[in-house]
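Before anything else, here is the set of structures, which you'll find just below.
Each of the next two complexes has chain A plus one more chain, namely chain B in the first and chain C in the second.
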Partner chain A sequence: MKKVISLLLSLISLGIFSLYAQENNGGQVTGNFQSEAQYYIEDSQIGAVAVDENVLVNSWANFAYTQGNFSAGFRYEGYMNSLLGYPNMGGINNGIGIPIKWAMFSNDNLEITVGNYYEQFGNGLIFRTYDEKMLGVDNAMMGFRVKYTIMSGVYLKGVIGKQRYYWDYGPGLIRGIDGEIQFNDMIKAFAESDLRVSAGGSFVSKYQKEEHPIYILPNNVGAGAGRLNIIYKGFNVNSEYAYKINDPSAENNYIYKPGQALLINATYSQKGLGVVIGTKWVDNMSFRSDRNANLTDLSINLMPEISRNHIYTLPAFYPYASQPNGEWGAKAEVFYKIPKKTLLGGKYGTTISLYYSRVQEIEKTRIADSIPISSKGTLGYNTDFFSIGDELYYQDINVEISKKWNKKLYTNISYMNLFYNYDVLMGVKGHENVYANIAIADLTYKISSGVAIKTEFQGMFTKQDKGNWGLGLIELTIPKWFFTVFDNWNYGNPDADDRVHYLNVGFGFVNGGNRIQLTYGKQREGVMCIGGVCRNVPASNGLALSISSTF
Partner chain B sequence: MKKLFLILITGILCTTLFAQEVPSVQIKDLNGKTVNTKSIVENDGKPVLVAFFATWCKPCIKELTAFNEEYEDWAEETGVKIVAISTDNARSSSSVAPFVNARGWEFDVYLDANSDFKRAMNVANVPHTFLIDGNGKVVWQHTTYLEGDEDHTFEIIKKVAKGQPIK
Partner chain C sequence: MKTKHIIIASLILVGFLSSCDKLEEPFVKDNAFIWNGRKSIIFDITGQKCGNCPRAHETINSLVDKYGEVVIPIAIHATWYAKPATSDTALPYHYDFRTDIGDYLGGRDFSTGFYGELYLPTGMVNSYAPEKLSTHDKWTLALSEFLENYPEFLIKIEGSHSENDSTISCDVEVTTNIINSRQLGLTVYVLEDHILQWQTDYTLDNQDIENYEHNHVLRAGMNGPFGEEIKTNTNQTNVGDVLEKSYSISTKADWVIENCLIVAFVHDLDTKEILQGEVFHFSE
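Then we have the complex of A and B:
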């Protein structure tokens, strides 16, 4: 309560101050607010539980004050109590407070941040801190950051701090530097060249005092990465290599093996056509500011997934998650627009997208005949750089065709074939792998300006796991409002008693930067993944309210 | 809960009082060049529409496709410039250029791979669109995309281009 009052007071004073400042042609206050609330009803058939509190609410609000080169802000967060399915072991996430506070000074060349901040070096292979509220991930740094533009095209960043761990900080100290040179901007003679080259390098070191009863562990763990980006006309090759010294941790079962990662993406594009080819190889690259941490806690880096991020409900049942202990992956994507005013293109053109991705294990061999792979306290295993093992983790093949037929009708048809290694990706043992075919038809019919009906028909066909699913959705939108009904039906469940309808109804109102949405219905148990991290979403039944506002 | 609403209301009051300027954040263009967000919203005193999107966000793609169909007409009538900010992270940021070029989108697209600009603009979810007037002030914003929203967006752009009040 005291905190809320002090927050309100600070807010009001900020408001008054900025009103004053505004008159002096200066300061401004901006921010946002979001609240997610759920009322839980028990439903034993789908495994949904009720909670003692009846209702659980996650809320947060950001406030930032800016005047000239100076800005400062804070984030209020309240988990009263934390929604089910978010990381909250032993109630660690429940509470209310102001975990994020920062102040920043910046001018043309220099930016200094004190307090909390988020930062990424290169592709994030050795350093990425970010927040993803819908996953309950926030590994914000608390400390100092300096960004300096030495000269045009030459950028330097330095960070030091600890990472946020719920309402506290993790034990590890993180120090990092990153530099990038964009040669075409640095050397004026190349400014207009068709060939664009940039190179970057970073180094991150983590300090955590060694306190293990048996093993002698490194107090300091260093990681380095180098990247190169070459662009010539429509071609673009982006590559990064990272290396980390031995870092025994709970996640790699305390092995003393160094880690490596390589990421290459090559693309070509011109008007009407885009092609992407990418590969990734990762060996033992889990990197956290507490060697005992797990799941979404205290990650210093993030290995981007190679597969596509699925946007429809049924394909998202089996989401891919990066395996930092070792994986090889490859992808290919083609985007093509059949031109307007052709037989197949029609009046508006037709867009065809193809996606393919495949992920396998890396080849690991024993360090000695008598020592199993990844045995605690050993060098773990041997592996050649860029080795590829036999076991398939994941594969998806997608075709998607989007077409606007006329001013009224828009359709998006897609098909997907999926392989999902359930044991590896879900971290369980003995579950059968899933082979699925998924077909989706998404149709939007515009009745008049601002009034439209959207329907979705999705079918997932599989002999494994919970069998076949069908989903039908209808959504009516009128200016500022939308109304949705959908049924997600597990009609092919091998157990006839579990052929459940997950029926949902909802509506929402949007006005400017404000949005409010209310839904009632059942949600299936599953996994939700955003940006390389996943969380389990428990089955639920009940009423959900979502409010967001940007100001 | 009551307290939350208090905060919300205070916040909304703040909205009406202050016109926001676009914060200074470093993001990258599709050629990997670092650019400051202040410079991308310059348009010789004409309005700029800043649209946050992601390649995995269906309503975002619908919105930008709709903008693209109208862009030529809108620009001719009001001088508006559209810039699209991709919030795709390292998973899909390298696919943004092929994705965008294949669709033939005419507007400038930038990469905000760790959501620095998104955070600085207090965007909760994509799609989220801001209209910047000729003086660099954020004068209007909109979250979510509902079918036909682009018509309303254009009405606002026309008013802002003429220097008329929005309401």
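Then we have the complex of A and C:
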């Protein structure tokens, strides 16, 4: 049946494109292509391996056709074979084909999508499907989606389908509904009000047949969420609470405790000043369309991260991985731009940002003295709503100062103090926690129009894990071209033999929508996280080619 | 029209709300076996000339088949039934299974040991208290009392063998898994599987079986018959507290190291209950 649907959608798409090619009567075709290739060289010093294929390539291309109220498209993907470090247990991700195909039309207040689609309810606490190629995550829905505007400011969404699982679909069937009311749009008298209020609610249920030999498992697991967003002038408060009924799974060790989550973010902004504070409390909220799935597979929801995604290399060494089985986090961030033409602001002003985030365990107590916490086949543990445990998972304190000195020189200087609970966040036992201080200086000097030279100096100082690191980077940009050299040196490794230089050289060509980059060098073993979702990055040595194009 | 929309939305919402299976305890299916991590020690006091002892071996085999790693049997050859019939290796029942530990517990030849006068086969489940001795037909029931218990302790064994000085060594870690205030003992034995020797079986016409497979045979104790005290007071131990011990013992010429295993178990020195066991196989 799946093959028939796939074939039909492919034929429809091909038919549409041939029609476009023949007649081009007002439709529009858009698309993009990206390919990431790596030639692997064995390097025993850093633990890099060669592969039998010598070269591995991940490629994908999206095509979409739009005409009036109708659009359709597909994504052609090929993992030949899958790059190391991407989810590919037993070669499950290797292959080539068209896993994503969709068609959509709207009629008056109704919008229908058939095939694959990505959707999010609220902040994603109970439903978010998305594609993140850098992580190898694609949990697209395959089924139907209906969006209906009941009246101005009142919206309803319904979804049904299964989730993509590499080249197949997961066993669970997902049904969901989401409604939102934007009161200022619904009530004309409030249309121009400074106070803007919206509220929403959603419900998602997954069905997976119960076949466990020992435990009585729920065939249907439901989760509901309510959210409220209030905006008043420069203030914005966004909050959402979610609840999930008993959902024993491999990830929570088959406990029957309901899950809860609360997310609150508040921002204030005015000219030259921005403040963000937020908190998140999560208890047993792993929600997957296969109760036996783990890692990044078949997640129905996504807990938004409370910590910062660092873009510089060394701060990103120890990224935070969300803990859906229980975590409390809080963050605070202040941006302030010192005005122009002041002593500290100078001619162009100076921007200072202070950031703090902290994540701890939630407090869990036994349901009985003789039953350890999270014992299989039990209610797991007791916890009070918004309880906070003692164990610290992660802490990030950083300050960043960016300044444009004149028309040619721009600098960005930052300092970060990091605590990283290695055992919890890496899922290991017995490793010492990491305390690190990180300093970064980023200088960009514009030589002439289109010609600039950028340098980065980064240092990470820690007595734990692999010790101190230093990084130096220089990048020359000229029209259409860039050239980069950087060395990431583990000069403080406790083992003198492992004080490796991870040297990289590369260049790229950018022209319109096309970008080609070639890099040669070593990459350290580590973890990469985006939005609290992580994958392991293996050590590698070799040549990497990246090609992307849009039209 | 608006009323219609609201009704439709409400119906959809109600439909989805019904898609929840809220469960109440118990969460376990009828007759399902749940193991929560407690491993059980079964002492099987036996002898090669004990014609009823293969029945006890069968009971143990059936328990191992059913529960796998949950069951850790220890075959202690003792009493007159363990005494070799001859020293001539060409003749039946020449092999000597006896050990110092077995002699102490069950008695050597016609003398009695710690457990007094014994009628084989006999044994115990998760205890070394004399009053817990029972015939093998009681072991399944006795084991069922412990099967679903959560372990108060977890044991980790790292074993090694040195051919140079013919020793077996091990490091044993005992980690508290449930808060308790027990005085604790740790016993470590060396066992061997797959010993092919004579065995009497009264159910057979030819009652003397030449290549009977003797499994989990006690070879030696690494720290005495009842081990040693590793926690001398009744102060509370907390989850994650670790007690560590290391032992070493000389091997004997007839031991096949690949078939040997180290068994460690912790016991309450007051109640004599064995609280958790663990195995290290040299073949792995």
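A few notes on this one:
One rule holds for everything that comes next: the second predicted complex is superposed on the first by the 524 of 551 C-alpha atoms of A that agree within 3 Å, B and C clash if a C-alpha of one lies under 4 Å from a C-alpha of the other, contacts with A are read in each partner's own complex, and residues count from 1 in each chain.
The rule is short, and it goes like this: a residue touches a chain if its C-beta (ideal position, glycine included) is under 8 Å from a C-beta of that chain, and two chains touch if they have at least 3 such contacts.
This structure is a prediction, so every number in the text was calculated from the model and none was measured.
Contacts of A:Lys280 after superposition on the shared chain: neither chain B nor chain C is touched. Applying the stated contact rule after C-alpha superposition, one finds that A:Arg164 touches neither chain B nor chain C.
Touch criterion met: A:Thr477 reaches chain B, while chain C stays clear of it. Look at A:Ser375: by the touch rule set out above, it reaches chain C but stays clear of chain B. Once the two complexes are overlaid on the shared chain, A:Asn514 sits against chain B while remaining clear of chain C. Of the two partner chains placed by the overlay, only chain B lies in contact with A:Asn229; chain C stays clear of it.
Of the two partner chains, chain B is the only one that A:Lys337 touches; chain C does not reach it.
Once the two structures are overlaid, the count of chain A residues touched is higher for B than for its counterpart among chain B and chain C.
No residue of chain A lies at the contact with chain B in one complex and also at the contact with chain C in the other. Across the complex, chain B meets chain A through its residues 1, 3-4, 6-8, 10-15, 17-21, 23-24, 26, 31-34, 56-58, 62, 65, 69, 89-92, 94-95, 97-104, 113-116, 119-125, 128, 140-144, 146-149, 151-152.
The part of chain A that touches chain C in the complex is made up of residues 150-151, 156, 158, 175-177, 179, 203-205, 207, 212-216, 218-222, 245-246, 248, 256, 369-372, 375-379. The touching residues of chain C, counted against chain A in their complex, run 2, 5, 9, 12-13, 16-17, 19-23, 25-29, 32-34, 36, 149-150, 177-179, 239. Residues of chain A that touch chain B in their complex: 4, 7-8, 11-12, 15, 18-19, 22, 28-35, 57, 59, 61-64, 66, 71, 76, 78, 106, 118-120, 123-124, 128, 130, 147, 153, 155, 180, 182, 184-185, 196, 198, 229, 231, 234, 236, 238, 263, 265, 267-276, 278, 302, 304-306, 308-311, 333, 335-337, 348-349, 351, 404, 410, 412, 442, 444, 446, 448-452, 454, 477, 479-480, 482, 508, 510, 512-515, 531-532, 547-551.
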